[in-house]
Amino acid sequence: MLTVKDLSVYYGVIQATKEINFEVNEGEIVSLIGANGAGKSTVLKAISGLHRPKSGEILFKDRPIHKDTTRKIVQLGISQVPEGRHVFKGMTVIENLEMGAFLRKDKNEIQKDLKMVFDRFPILEERKKQDTATLSGGEQQMVAMGRALMSRPKLLLLDEPSMGLAPIFIKEIFNIIKMINTQGTTVLLIEQNAKVALEIANRGYVLETGKVVQTGTGKELLASDEVQKAYLGG
Amino acid sequence: MSLLEVKQLTKNFGGLSAVSMVNMELGDNELVGLIGPNGAGKTTLFNLLTGVYEPTEGVIDLEVDGEKTSLIKQKTYNITAMGLGRTFQNIRLFKDLTVLENVLIGMHEKNKVGTIASIFRTPQYYAAEESMRKEALELLKLFNLETKVEELAKNLPYGEQRRLEIVRALATKPKILFLDEPAAGMNPQETANLTSLIRQVHKDFKLTILLIEHDMSLVMDVCERIYVLEYGRMIAHGSPEEIKNNEAVIKAYLGGE
Amino acid sequence: MKQFNKKNLGWLIFIAAIYILIQLGTSLGIINAFYEITLMTILINVILATGLNLIIGFSGQFSLGHAGFMAIGAYCTGIVSIKYPTVLGLIGGILLGIIIASLVALLVGIPTLRLKGDYLAIATLGVAEIIRIVILNMNDLTNGAAGLSGIPFIANWQITFAFIVISLIVIMNYIKSSPGRATISIREDEIAAESMGINTTKYKIIAFVLGAASAAIAGGLHASYFSVIRPSDFTFMKSVDILIIVVFGGLGSMTGSVVAAIVLGILNIYLQPFGQLRMIIYSVALVAIMVFKPSGLLGTKEFTISGLLDRKNKKSSVKEGEAE
Amino acid sequence: MEAFLQQLINGLSLGSIYALIALGYTMVYGIIKLINFAHGDIYMVGAFVGYTAINSLHLSFFPALILSMVFCAVLGVAIERIAYKPLRNATRVAALITAIGMSYLLQNGMIYLVGSETRAFPQVIKNKIYEFMGLQVSQTQILIFATTIILMLALQLIVQKTKMGKAMRAVSTDADAARLMGINVDNVISFTFALGSSLAGAAGVLVGLYYNSIEPMMGYAPGLKAFIAAVLGGIGIIPGAMFGGFTIGIIETLVSGYGGSLIKDAVVYLILIVILIFKPSGLLGKNVKEKV
Amino acid sequence: STTGSGSDTDKIKIGSMFEKTGEVSAYGTAEANAVNLAVKEINENGGILDKEIDLIEYDTKSDNTEAASVATKLATQDEVAVIVGPATTGAVKASTPAVTRAGVSLVTPSGTDDSLTLDENGNVQPNIFRTSFQDSFQGIALAEFATNELDAEKAVIIGDSSSDYALGLTKAFKGAFEGEIVAEENFTADDTDFNAILTRIKDLDFEFIYLPGYYNQAGLIIKQAREMGITQPILGADGFGNQALLELAGVDNVDNVYYSAHYSPNSDDSQVTDFIAAYKEEYDVEPDMFAALAYDTVYLVAQAIEESGEASTDSITKALEDIAEFDGVTGTFSFDEDHNPVKSTLVIELQDGVEVGNTEVTP
């Protein structure tokens, strides 16, 4: 479904990713893990068109998208939950969710999806008229997820959805990711919490200073010594 | 008396009570944890203690030179001068300054170099600069940052930025150090390194540390006591073992296995 | 210590060299009366811009009222030196200007410097306008809208040069010191600065007062050199002109302000023959420069003698943090 | 009492002019945090376009108004694309300097094109004066006042309720996140400039008609006052711009009306500073302490 | 420096410095235009002393520092024989030290402040001349006119507190007027809304409004006053002298308006009609008082050069001092010992926007 070929991204003179290759198949959950600054978020920004790669290709359903605008990419069915939530503060929960459906015109379907999001995150329904700026971190994370789902993505990109969350929320978030996946959305997941990430992933890639250094199924990686040492603390 | 005493502390934002009726005590050279769900009011509590927010009501008393001193309505910089140092949940370094400058700024108030002396470059000025520099370099060495003194803070990797924030807080010579989610965004390996660092600081500097953290491996590992907040209220307090098995905490925060 | 002295010596030689160059230029007639006016304008702008840079570029407080403090200096100097048309009268006038400007800065700084960003900008703009209107209405002392004329010409370029050197040394020494770093930390992150125990209000006010005092010096020199001042010389547009120099040179770079004052002064000479077209060319240039170099000529970097003399030692010289 | 009421009317009518210009100011500020210094000069251009449309193209008032709004919208977008867009990631002061540069350019460009003398705006609508209970109010005053209120409400409606308005708010809080929603950020910003600038154009024509006087430097003073009004009301807040404008207009008029014409501006600034000291984020601004 | 345009002997260099951009560019531009027109005419008619005039022009940006700078440039670098301009008192004063040091004379068409041609001790500035009235002259003339011709005893003054021109006129008027000044109101040059002060004076008992100021505000004040129902006579100075006054105020509103002028634009004197026609032809707008004064200034300077027989700075200064009976658009005059023109003023009366009469006043 998604193929990344020889992707190199720069910030000025800093090369953040070095000829990265990986792919995501339809229906999978794929995890990217790696230390701080390894280039994980950069990969997602390149896929979404927020930051243009210098060289390499990104194919979505065999169609090159690395020259498309973010708008086009969203239209094609890729949606991202960015690192640090980035909800629209000053707007209510419901307005935030509606922003997720910005490109859609099917009013009735949007209402249905809104209900679907509220079913998944009941707390958001209680808070629907509240300014997202005053929500707690966990609630903001749910808004960010719900907002991404409102575009009915085929591929969902998640950047550290568990960061700064209480343990109880982390469990909930991962349950929801699994659920979304079983209902047909392909997921590309970035996580510091490598253990959980690899547990729910079909496959995973390990990034180190801008390069893919290891790949395998989630279970293989969990069992790997290098991964154990570098990312699982033992 | 204990070092820091908090009684009936409350903070309302409009209709929302972010912290309500919280009691807490910190003694000398303790390492205490503060946990609770997102939005429970942990950071707000830090902000109240350090004078960033003014409490709606309540008492905060700090022991200064053997005397009980109220911190209510005190300015942040006075509170810092009295011995409370902190780091921030979202790193707040002086990004465009060098690592060394960040630390020197932390030392400024404790090494009073007058404006006039600085402008006229008196001998005192040179002496003070020398000694500050020396001290700062020593601190940085302790945290393995000595090779980065001339780097701009914003160019450091994330983990080193977190460490620099701790160094900078230590430069103010605090008696109590507040750490707000120091391990956020770190992977388990990095968290493990941080854990030992915190232990070392606690030991070498003989200070009290209050730690907010969602990473239970870190909290349960290093803390002697743990406070638990939920919806602004203190719902539990005890040793790591007690907290781990506290029903209310499991329900609100830890989640069942 | 040895390092410091070497560097100070470097600057001393640099300053002396510039002085001798100007002296030579005037003696040989290369710097004629017209170039001298340009030179004076540049020198006065250097003082204005470095002072404002201290406030905006270093303490991070957005002030739009620099012209007000300049006006105070100009009027004090004008009034005093008309009475006592001597060098002492000039210096007395400038000192009086410094004192009044500093007091006013202190008085308005304490309540207003709590304001942030554009709110502070508006408040300082308002203060400058109030100063101007007060001057406009103090007819007996200031001669109202017509302003003062016939102010004795005392501030020649040598005196101005001396003032510039003094004010630059004061400002540079300040920013390259512990209180200076405390001031810069406010620009970087006010909340973090407070958490470092820094009394942010105090350092904001110090920067504001120092800036105001230097503006008063510039105003005094301006009055004495040009011999005519009117309230309408010190409007908001004057503050904007100074702001342009500061941003053009680079916020947070003192040497940048100096370079920008020189570049813009020289640009003005070249644009003069264009008449009405000049302002059009100037505004297009302004936009173009900002578009291509948004951080200004020098960004936040400083031009240093040591950096110029031996580039290899640059790192260690920065480390010393001495008056660069 | 009658004199006071009359002065209040005078103040409201002056204030509605500041408010009208301040609306566009605040709108642009609200979305990209830029003090669009050239706004006052776009207002000036609007007045000249209206003048030309009526005098040379012989249009009647409303077509001239529309033409001026369209022209200014295009001008605003052009300025944004050329001068502001490259500076989106630069410091705000740098962008401010560019805006000042644009302001100079418009002023001096206009002086170059049409000369700097003051012209009389064609009086296409006869100004009637209504009297009731000893109070006077003119038709144009009512027109401007009503326009200000209606535009304020309309803008508020656009920003709060329409899809474009929501996109504008989204862009203003987080441009990258807005992109991820499929919002074309550049277009939204251009739209904002078009809207803000067309308001300035409308203001130019209305005020030209009201005072009957236009010249290339006419944007400077009201532009500055409008900026101050926008800040006083709480910059970025649409109703705030209106209240800020009214406040300044009324203070100015009352001070003059009670014998303080010499120190009118000084009093305005003094009151402004006092208000800000007690309400550091403007009249309608929420005083949110930064969450740390 | 006695030989101003020494090097280039077949041309005479004249400097022109005006406020062509900035605050007061409306007046400066009109003057600069008129100067150009006059120079063009002179050159077409064979120049001065058979030499062509080389006009060197600068803009002062309405900024005094810039004025000092360009005056210096003209006097020392361009080495002009004489300078015309600038338009405002402040700019002239800022230029004075430079031109005096260089010994180049400067004739301002419209700098009106009394002290302009004098130094601090009351001695005449050797190199500064003006063609316009000085403020005290007009202020006194208008006070006399009010008393003698309008029979009015109660005045309201509405003045521009930000302009030295208005302040000078007010001061002179107050000194000379024997009646009562009922109220004194102020505005600044940036204002366009005068309802507040007009409402304030509306119900006072007064017989006329004394309005020293330029046409751009005066026009608006007349309009707003008349619309408000204030019908008393309005008395102004030469700053009213621009067609725009009528347009800004609305022709119907310009009723009972009097102003002192150098000449009547409706005069059938051929010099006046020729000038108006030529200016309109060249610039497509009616010339105003400022333009007329600047135009005369060039011819005045030309006459001085002609009379001195050479284009050296000193002889021009001398010739200016000695000029006898210069006859221009704005009247016939010579200079007194303080370098002020000796001429009388016309007070023009406008009713329904039409000039219905004028009275010559010589205080």
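Chains here go by letter, A, B, C, D and E, matching the order in which they are written, and residues are numbered from 1 within each.
Note that in this section contacts are C-beta pairs under 8 Å (C-beta built on N, C-alpha and C of every residue); 3 or more make two chains touch, one makes a residue touch a chain.
Just so it is clear, the model here is predicted, and its values are computed rather than measured.
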Least hop count linking chain A to chain E through chains in contact: 2
Selected pair, greater C-beta contact count between D-E and A-D: D-E
Separation of chain C from chain D, taking each centre as the mean of its C-alpha atoms, in whole Å: 33
Gap in Å, rounded to a whole number, between the CA centres of chain C and chain A: 51
Chain centre separation (chain B, chain D; CA means) in Å: 47
In chain E, residues with contacts to at least two other chains: 20-21, 23, 161
Multi-partner residues of chain D (at least 2 other chains): 108, 111, 262, 265, 292
Contact footprint of chain A on chain D as seen in their complex: 163, 166-167, 169-170, 173-174, 176-184
Chain B - residues contacting chain A, complex: 13, 16, 35-40, 89, 157-159, 181, 184-192, 214, 216-217, 252-255
For the chain D and chain E complex, residues of the former touching the latter: 3, 6-7, 10-11, 13-14, 17, 108, 111, 115-120, 123, 127, 129, 136, 138, 207, 211-213, 215-218, 220-222, 252-254, 256-259, 261-262, 264-265
Complex contacts: residues of chain C adjacent to chain D: 56, 62, 108, 111-112, 114-116, 118-119, 121-123, 125-127, 129-130, 133-134, 137, 191, 236, 240, 243-244, 247-248, 251, 276-277, 279-280, 282-284, 286-287, 290-291, 294-296
Residues of chain B defined as touching chain C within the complex: 50-52, 75-77, 80-81, 85-86, 88, 92-97, 100-101, 104-111, 113-115, 118-121, 125-126, 128-129, 132, 149-150, 168-169, 171-172
